[in-house]
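Chain IDs A, B, C and D follow the sequence of writing; residue 1 opens each chain.
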């Protein structure tokens, strides 16, 4: 998805008003109640279809999954398992046994770090991440390194917020066991060339994990084309409920991995003499899963399938350009990261006001943005700032959101001038 | 915008722009670091405490939002020459000021210029910004090695 | 709560019809649509108040927690954090910092096994569980033993399904590091004398964990009176949403424990040189939590607070006696477990039909029960059966449920005679 | 109750009560275990396979629900003297019988007495009970050491 392509894409095909109307929280109900929500990179709002699916499930056919013989439980189980197939369609792959349900991206990465990492990483081995990773794609590897004596190596980025491919390649050595990369940076919007990077890894026999938390909400993802071994994302960022997400993993890898958490559902048979485990994905889903959450995620994916995602991405790309231009016109405003393929996120600073002050003032004007380290402190350090202000988009964002942002930033400048 | 003007009073904006007692006082004999993980505010407070336990001189360094910077600056002015007991008293009064609605009829402890922070109470997420300097000051007086963290 | 006491309790004060009316899934909407739900030990149905709370949250004030400066996020955070206090009230304790949100009981136990266990258990140490535990309170300890070389010891039970206190005590030795006990057995309903057992442990300096998954739904729990160090339960069994639950832990223990999962929210500061962690409970809540799930759990606890739980427990106890008598009158039917303080569960076999066949036939009669090993295979082995049929109660269960069960069991006998 | 009567046909109830070929045949030279974690069905199938690969004799042991017991019993009757290829063909036909609606116009592979399991198709959770014996038989023919598991 390059900017050049975007120009040709039919952004006009995308009816943002119709999409927006499906999000009750964005409804304009009374004076002063309009919400300009520009924090979708933290979490996305939910369409009515998802809210209804949860309500309907709890109201009419709630039951536990996998172990009941009775009809209600059979139906729950079928709906629950069907979501694995929806996830496959989302990721352009086909084997539902490769889809493990987790609490979210963070748990998915921890699962790999503990289970795969515990088995495959030893003292002296190396794991490569980049300078722009989210804490959730740093700390699990630090914990693994602590446990095993492995070493974490950091691929540098340039001031533009892009990973330097040569420097990344130079880091890959005989002891490199895994590379863990964001697909899209939550703090900068940088879209990493994950297919190329994973290919560099694979050609050396190095396993790869892609943190897709910020990519899945903004366009089509094809894990086979990327050529990664693991891919993680969170339902709550892709219009689904909180509390659930996905680890996709290549079946041969999942099958060879030891269990993560122990408990009900992940076993084949338990005895005090010795316990055997179920196959993947069940092996990694101990305990009662978030049945309603997963079914809600299924509703979100169904809903997404109805959207012309190419048109939505094109629209969003134009909106991002509109927003960048509007913000750059504000005196004293600096935007971080200039990847031409940037998606969804605009992080910035103002010379006169700290990001935290900006966020407070914007909030009083009805504009919700995020200020802080965006769970990417090493990136803040790289740019030498304690925090950034971040406005982020989703497919319900429109120009009125950007206009409200710009006007509230003017207010900020007034107060601080 | 009224409560914004209440929050960002001119005194606060002034101390944010030109903080007083910025830097390390000569012969400082106690210090502590403070950290607000939410917004990345980092503060270092330095003290020269005399034999009687009074704050003889005080300074601070660090980066942070307008509220935390101005709070640190105004605090350094306020506590100079105070004893530990006086600091504790004003800490409590200040904490009440930024968190609680003013009690009817009650005469609040006089906080002088610090009263400009009364607008913070309408902004619960900013309370920690306003109190970080004070937590750090207490840590410096206790001279614990721990970073003061507002969470 | 002894049977003798129950006789004196005002079960009549409890208006089961009024409670039942609050559960939409139990509504009798049209011929053949009535559900006799006797699988509450697997998961409980949800009152309208919980369903509404979820809907309302997603519709009107959804935002992420802990890191937003804007009002929506502040409100989410406050509501989310307030649930810790509700949990404290439920468990009759007071420090919200002792409440860690997890996916459920299973994750809570895994957290302790990995974090506390990794730090405190070494080769040659011993962990004591009982013969009647749920797999979720067995497998995490087996995995810990595998990692560390510790040994799992099993406290025996009698044919009545009760733990033999003397035999339990005899197992506690100088190498015993932890005892992990169900508060109430999910397969038998046995109520373990956890206060006495934890006292035996504590007096020897042994740490204790109580698996409260089946206790919390059936009556008041006081963790300080029990004197345990950790207590775990799942929201979905106590009328809340799936996907969330609680680990309560003594603060000094939690504060001393290393992190479990790594990621956002559980850190104080991250750098590639070294990362420091937040205090408990945040240290154990990596990643975006199940915000809506926790708020839904809060709604369930609010709802429970409105119930006269003493009266509800008395009512349920009488209902269990009614059910026991009715089942015992069925020729060839055998009930497992005869703890006089038994709660909520009736597991049984029929001489003419396998539990799986029973469950199928009952389902066609509109009666949902569970058949299988109930995630307690070692217990099945103890009784020498491959499976049991289990009917379980919640505070919306009434005599009509039992009558439907009995009549469906008659049908089963007819078919199989 | 009609579909219950379809499921628990008298032949099934009879084979459940008095399973045929229960036990280990003399000189059995292949065997396998099967396990259905959902309901705890455990099955052991023993074969005597002759030089040509035909099932010369067959028996089974184990415990399970009526469907799995009757299925094992009826299977042992059905496959005696069959070759591997014949077993594979009937396995597929049987699997279709218990999972799919009968195709209009299509003449199903004749399954003889095994047709009594047609009621299973209305009970998706019981399909594994009906097929466990067949999975185990195939495992025995392959003489893999793995337990056949229906999940």
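Everything below uses one rule, namely that contacts are C-beta pairs under 8 Å (C-beta built on N, C-alpha and C of every residue); 3 or more make two chains touch, one makes a residue touch a chain.
Small disclaimer: the values here were computed from a predicted structure and weren't measured.
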| item | value |
| --- | --- |
| For chain A paired with chain D, centre-to-centre distance based on mean C-alpha positions, whole Å | 47 |
| Computed distance of Cα centres, chain D from chain B, in Å | 79 |
| Chain centre separation in whole Å, for chain C relative to chain A (CA means) | 32 |
| Residues of chain A touching at least two other chains | 67-69, 267, 269, 356, 360, 371-372 |
| Touching two or more other chains - residue numbers and ranges from chain B | 38-39, 125-126 |
| Pairwise touch network: line, ring, star, complete, or other | other |
| Chains touching one another, given as label pairs in label order | A-B, A-C, A-D, B-C, C-D |
| Residue numbers on chain B that touch chain C, as the complex places them | 35, 37-39, 124-126, 149, 151 |
| Partner chain C, residues of chain A touching it in the complex | 24-25, 35, 37, 39, 42-43, 45-46, 50-51, 54-55, 58-64, 67-73, 103-107, 109-110, 113, 134-136, 138-143, 152, 154, 234, 236, 241-244, 259, 261-267, 269-272, 275, 286-293, 356, 359-360, 362-363, 367-372, 375, 377-378, 381 |
| Chain A contact footprint on chain B (complex, rising order) | 1, 3-5, 7-8, 13, 38-42, 63-67, 123, 125-126, 129 |
| Of chain A, residues touching chain D in the complex | 67-69, 74, 78, 267-269, 278-279, 282 |
| Contacting residues of chain A [partner chain B, same complex] | 353-357, 360-361, 364, 371-373, 380, 386-387, 411, 415-416 |
